[in-house]
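Each of the two complexes below includes subunit A, the first together with subunit B, the second together with subunit C.
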Partner chain A sequence: MADVATPKKTPTDFLNVILGQSVVVKLNSGIVYKGVLACLDGYMNIALEQTEEYANGQLKNKYGDAFIRGNNVLYISATE
Partner chain B sequence: MADSTPVDVPAAPATATHSVEQPLDLVRLSLDENVYVKLRGDRELRGKLHAFDQHLNMVLGDVEENITNVELHPETKEEVVTTATRRVDMLFVRGDGVILWYKPIGSSGATVV
Partner chain C sequence: MASQLLPLELIDKCIGSKIWVIMRSDREFVGTLSGFDDYVNMVLENVTEFEQTPEGSRKNHLEQILLNGNNICMLVPGGEGPQ
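Now for the complex of A and B:
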């Protein structure tokens, strides 16, 4: 039975909550992107602002705006 | 279809630009500009974006492709990094190879740390 009273009950609701926040996006390849989540769509394509690219924990690159194709995404995590 | 995505964006957050409401809008705003594309297999493309679609299939013009190859030396176990570069006048890129796409800051390229 659907519990209507429970907020944030779908993954999409969580994603809407963290829009505009700082996030960590990890790809299947292990590369990590940190930045501000500008927007995302149903494919989990992601637009990040102030993006930093980390490989093996080391900062590799910085991009102003970056687009990540959704099929590569392992997880999206909200940070402080 | 891409036009009716399940992720509904309610009020746009203050950090988002008004013209960018979908990630693909970012790509749309860069038509006829120089872009960087990170591909599977440690390949990077840089070229002028002529066209794209919802799969991120792209047509790039005046392309420079950088292929990075990392091998472990069989005896010393050191990483040997080699890069190869080639130029292509016009290139069709199949979208499923795309990992990341970005516009270089300024015209010279992204800031490499």
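Now for the complex of A and C:
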């Protein structure tokens, strides 16, 4: 079903693309972190820079650097 | 002779088309499947996130996400999401 317009893009491909970009990370608890993706590993452990913490859509906190343990991650989203 | 189709082969056939992802919690995603890995972590595009809360259903649009496979319960190929 895959055609030329939608080439296969595995999780690894996606991560290589968004490294260093602005991302949104949502945890299973519903808390959202926005920041610049500094690095990550196969466990989805994540290091973010210029991090903003949102709960219920409201800004709760800011961190220069933040480490998120991968088991809590629901999704990582690229932002434009 | 009936040919066998493995579960992940079915998902592989869905690449490039819409898929409905139902999580273990009260959360669902609908989007176009770009790819996935052995853990069924998935890359989705043009995603709508549906969340059931006591106040009702909440929708959220996302351009492109990497969804952690850990909490996925069910995948519905071609699914349009909850109505």
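By our rule, the second predicted complex is superposed on the first by the 72 of 80 C-alpha atoms of A that agree within 3 Å, B and C clash if a C-alpha of one lies under 4 Å from a C-alpha of the other, contacts with A are read in each partner's own complex, and residues count from 1 in each chain.
Keep in mind that, in the parts below, a contact is a pair of C-beta atoms (placed from the backbone, for glycine too) under 8 Å apart; a residue touches a chain by one contact, two chains touch by 3 or more.
Only a predicted model underlies this, so the values are computations on that prediction, with no experimental measurement involved.
Visitor: Looking at A:29, would you say it contacts subunit B, subunit C, both, or neither? Reply first, second, both or neither.
Guide: First partner only.
Visitor: Counting touched residues of subunit A, say whether subunit B or subunit C comes out ahead.
Guide: Tallying touched residues of subunit A, the top partner is B.
Visitor: Per the contact definition in the header, classify A:59: touching subunit B only (first), subunit C only (second), both, or neither.
Guide: first
Visitor: In the overlay, answer first, second, both or neither for which of subunit B and subunit C A:41 touches.
Guide: A:41 sits against subunit B, while subunit C stays out of touch.
Visitor: When the two structures are overlaid on chain A, which partner does A:73 contact: first (subunit B), second (subunit C), both, or neither?
Guide: Touch status of A:73: second partner only.
Visitor: I'd like to know which partner A:9 touches here: subunit B for first, subunit C for second, both or neither.
Guide: In the superposition, A:9 contacts subunit C only.
Visitor: Which residues form the common part of the subunit A surface touched by subunit B and by subunit C?
Guide: Residues 12, 15, 71, which sit in both footprints.
Visitor: Spell out the residues on subunit C that touch subunit A in their complex, using ranges where they run on.
Guide: 13-17, 25, 27, 32, 34-37, 41-43, 51, 62-68, 70-71
Visitor: Show which residues of subunit B lie in contact with subunit A when the two form their complex.
Guide: Those in contact with subunit A are residues 2, 5-10, 13-17, 20-27, 56, 95-96, 98-103, 105, 110-113.
Visitor: Report the residues of subunit A in contact with subunit C in the complex, numbered from low to high.
Guide: 1-3, 5-6, 8-15, 24, 28, 30, 44, 71, 73-80
Visitor: For the complex, which residues does subunit A have touching subunit B?
Guide: Per the stated touch rule, the residues are 12, 15-16, 19-21, 27, 29, 33, 36, 38-43, 45-47, 49, 51, 59-69, 71-72.
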